[in-house]
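Structures incoming, each one as structure tokens.
After this come two complexes, each holding chain A, first together with chain B and then together with chain C.
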Partner chain A sequence: MQAEASSAQVKRFEEEFARLRKQQRLQLIGFAIVFLVVFKFAADISNFTPQRLAAGLPRIGEYLSFTLPEIRLTSLFGDVAYWYYGFFRWLGLLFDTILIALMATIFGAIGGFILCFAASRNLAPHFWVYFVFRRLAEIARTVPEIVYALIFVVSFGIGPFAGFLALSVHATGALGKLFAEANENLDERQLEGVRATGGNWFEVIRFAVLPQVLPNFITYTLWRLELSIRSAAIVGFVGAGGIGQELYHAISFNYYEDVSAIVLMIILTITMIDLICEKIRHRIIGKESLH
Partner chain B sequence: MLRIEGLTKKFGELVAVDNLSFEVPTGQMLGIIGRSGAGKSTLLRMINRLADPTSGRVLCDDAFEREVDVSALKGRQLTFWRRKCAMVFQQFNLVARLDVLTNVLMGRLSYQPTYRSLLKMFTPQERALAVMTLDRVEMVPFILQRADTLSGGQQQRVAIARALVQEPRILLADEPIASLDPRSAARVMDILRSINREDGITVICNLHTIDTARTYCDRLLGMRTGRIVFDGLPAALDRDRIQEIYGREGDEEVDETVTSTALPGSRIARAGTR
Partner chain C sequence: MSLSAAAIDTGQLSVLRERHPRAFSLTPRERAIRLALLLGLLAFVLFCLYRFDVTPARIMNGMDRFGKIAGALFPPTARDVFWDLFKAMMESVAMAFLGTLIAAIIAVPLGFLGAQNVLPIRLLRFPIRRSFDFLRGTDALVWALVYVRAVGLGPLAGVLAIATTDIGIFAKLFAEAIENVERKQVEGVRAAGGSAVKTMRFGILPQVLPIMLSNVLYMFESNTRSATILGIVGAGGIGFALSDRIRAHLWDEVGFIIIMIIVVVALIDFLSHMLRTKVIKAGTNRPLVLTEDAPTFSDADRGKSR
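== the complex of A and B ==
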């Protein structure tokens, strides 16, 4: 009797399981078809053919080899000094770039902090408040930095200030959204504990939300700093200050050796800052997992 | 006096609390018993207004003996009510990363302007009150330790201290000992009873073991599927009444000697009313 009942249950489970597996397989096939269709469209629009790829690839090497300086072992120092004739000017511009990124990240973090509580579904006092603040963060984040930079260069003039503004707006949106998502993942019981004592909205945020999310906020901000440095080097292309402006100049005037010199400096700087930020982030995360 | 009038809470189709009416005289220690899902937590949460009732009212006398409809309070009035009607939870609900002292000072938030709270400014008098209250629950040695480094029983005692510095008139306890071992549980129940007896604070406590409810409470309410099926003295709770609260379906008997507080030979076990 018992055995019969359980074998019937096993059979029912097997049927259900087979149905689920079939559904998953159909989904996978569906995704594959969608991908192929999209790929075909993309290839048509961009005139992609394997031949074009094959013909273009060597030209990349050609351009790169143009930019390489002539360095001989016999006159090593002289050649490097000639290659890096603008070293101190470029170093200054790199410093500008880092400063743009740093200030933009700090102001972005402040902006994101102000936005994020009202942009969290579980903390916003009303659905419409949540909706408006979420959309604000999205608008600030979706428009590419380079577009903001163009707008601000036109309105505030060429220079680092436009770059700083552009990166700040973008970082505000991006961090606002990340912070809000951290807020949405917190432990509600701690909020309830403070709310039940008679704490108002601000007090609940200050004493129940912040202690929980602050480590997340710090790691997100450091991560954002890494991205901002990269972006700061790029927005210079439209005149928003920093090393990017100089790089664009070198590229468009075909100062080949300058291009390689500047690019190398940018790569080294970004790598260094990435490593430092990563160290700090891991230290913060490491501390968290200790208790 | 706390008066519940036709209180109802629906979650979609599900009626969690079904048209409840009862009164709690000031200074009573009331135990609410019933299975999980009987609506005990929802009832307490509606009294503290962490949840809003679908219909019905919660009425309470204010300082001038006027009856106030708690279920209609908003804004500042609502935070004042929550301070007057403190709550402790099954999972303690302390802020994990804050130290014990700061957690207890949370109970003073509604006594001061928001800007002072946001700057974490509390008066020396308030800190003294917090320390004295912590002394009462024997938690002073842990005062600067982070809340999440404490054991469950210790956390619950901190949570009770937080509730006490609110200087409440009513204390709601939602399954305060369900996550604790018998020894810690007995300690927490002792503290709740002393708060009731010595400070004259009305205590309403959800419990799921009959033995504990009998030992500590002046009066018991039995709840089943959102309704009250028993209201009386612990002594009046006989086998039939227990079956009615915990259900007759199935052939498992409800073992009323199952306990969460009584330790063999402990003071509580001897003080039991049976």
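== the complex of A and C ==
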């Protein structure tokens, strides 16, 4: 009796299992077909063939090996000095790059701050105000920095000013959106409290919203600085100042060893900024968690 | 002392003010520090503006020219090259797709090599992890320019550029995902007599695959954005048309291209978000890397910020 029941159960289980397996397999095949179609389409449209890849790959290895400097142990200092012959000029350009990133982050944070209260659903005076400002922020951050840089180079001339403006606009959009999201996650009770004591809109923002969101704003701003330094290193490609211009020249005119020297300096700078930002972030968050 | 709000008179208030000065206002010292910081910031901004060679005349002229350009962006028109532009846009998306795909495939074995629980030898792991950092530390646009020199103009350079930075990003993310797997399942496979390869296949892979797929989709979104600009250095896609139109001052077409980029990026974001949440169900985890909209916070910080 019991054996019969359990064998029926086993049978049911097996059927169910087989059904699930089949369903899963069909799903997988479906995805595979969609994927292959998309892949074929993508490969066709971008002219991507195994032959071209095979022809290109060795050339990349060759190129990269050209960029490596010749450094012998016997004349180490001389070789490094030769490799970094432009060290102080590059250092100056890197300084510009860092300034562009810092300035863009400062102005982006100010812009985002001004934008964010109107762009958050719970603080905007009207739905349409929220809608317009939120979309504005999103559009500002969807357009890549380098596109702004191209336009600002045409209107404000070549140099770091155009790069600073381009990165600022992008950062304003990105930070405006993030700040607004932070605003939307806040605790409503404190807003009620300030409103109940007769506070107007500005007082609500100052005494109920800001104390809650300021730590978030600071971490987001630091995060933006890490991204801005990366972008600031490349806006020079289109003439918007900083080390990018020099790198663009080095690559375009095949000054192979300059390429590796500059790239190394950029990576070291970015790593340094990241480490500093992380330190500050941890200090702020550490302080927060003490409360 | 117990107080009810109605009972506070000015005498009590001044007592309270004396006892808890910080509850009423900042101390003079704090005020001075704030003022100094503000002045320092102002001085820094002024110094930068001076160094950037910003003059009122330059700002005025620039605003004037920028205003004209902004006006000329509207109405955005494609003239008779709509299909060319559309094809170039599709080329950008295709570049992002292929680049992400290639990077993901190459990064899986690299991710295993970079994970502490798979490769416990620190001396070997260290250079592997640092080379990931190098790959992702260099911007895709720099790689694109290098690849244009190496393999010539066209989308192939763009695909390779996206793949190169993404190998670094994926390998790091995958290695971290692998390091965070549940040990029990791995030990279960090992106890049942599974070889090292089988342990990876049945013990680790099922745990990390959803995370990997989610990260890949996420990066596809982000790469679509980068793929739109790689053309500026000649690596294929819409970027070439864009920089070309800007240099030729064809502003209405520039406006059209920018709007097309915004729409397509939004569309890809939407599709990828849907796939991540509905199909993989791991979509809520944003990868911990620097991309346009995923702030890079460590796990400990993340609880706080959300």
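Observations, loosely collected:
Note that the second predicted complex is superposed on the first by the 235 of 291 C-alpha atoms of A that agree within 3 Å, B and C clash if a C-alpha of one lies under 4 Å from a C-alpha of the other, contacts with A are read in each partner's own complex, and residues count from 1 in each chain.
One rule holds for everything that comes next: a contact is a pair of C-beta atoms (placed from the backbone, for glycine too) under 8 Å apart; a residue touches a chain by one contact, two chains touch by 3 or more.
Keep in mind that what you see is a predicted model, and the values were worked out from it rather than measured.
Once the two complexes are laid over each other on the shared chain, residue contacts for A:Asp187 go to chain B alone; chain C is not touched.
By the touch criterion defined above, A:Tyr255 reaches neither chain B nor chain C. Within the superposed three-chain model, A:Glu203 lies in touch with chain B and out of touch with chain C [touch as defined at top].
In the superposed model, A:Pro211 makes contact with chain B only, not with chain C. Put chain B and chain C next to each other and count what each touches on chain A; the higher total goes to C.
Contact with neither chain B nor chain C is seen for A:Phe131 once the two complexes are overlaid on the shared chain. Touch criterion met: A:Arg195 reaches chain B, while chain C stays clear of it.
Of the two partner chains placed around the shared chain by superposition, neither chain B nor chain C is touched by A:Phe113. Of all residues in chain A, those touching chain B in their complex are 187, 189-190, 192-200, 202-203, 206-208, 211-212, 291. Every residue of chain C that touches chain A in the complex is listed here, in rising order: 41, 44-45, 48, 51-54, 58-59, 62-63, 65-66, 69, 87, 90-91, 93-95, 97-98, 101, 133-134, 137-139, 141-142, 145-147, 149-152, 154-156, 158-160, 225-226, 228-229, 232-233, 236, 242-243, 246, 249, 254, 258, 261-262, 265-266, 290, 292-293, 295-297, 300-301, 304-306. In the complex of the two chains, the chain A residues touching chain C come out as 38-39, 41-43, 45-48, 52-53, 55-56, 59-60, 62-64, 96, 99, 102-103, 106, 139, 141-144, 146-147, 150-152, 154-157, 159-161, 164, 174, 177-178, 185, 215-216, 219-220, 223, 226-227, 230, 233-234, 237-238, 241, 247-248, 251-252, 254, 259, 263, 266-267, 270-271, 281-282, 285, 288-289.
Remark: chain B residues 48, 50, 76, 79-83, 86-87, 89, 91-98, 102, 106-107, 109-110, 114, 117-118, 120, 146, 148-149, 159, 162-163, 166 touch chain A in the complex.
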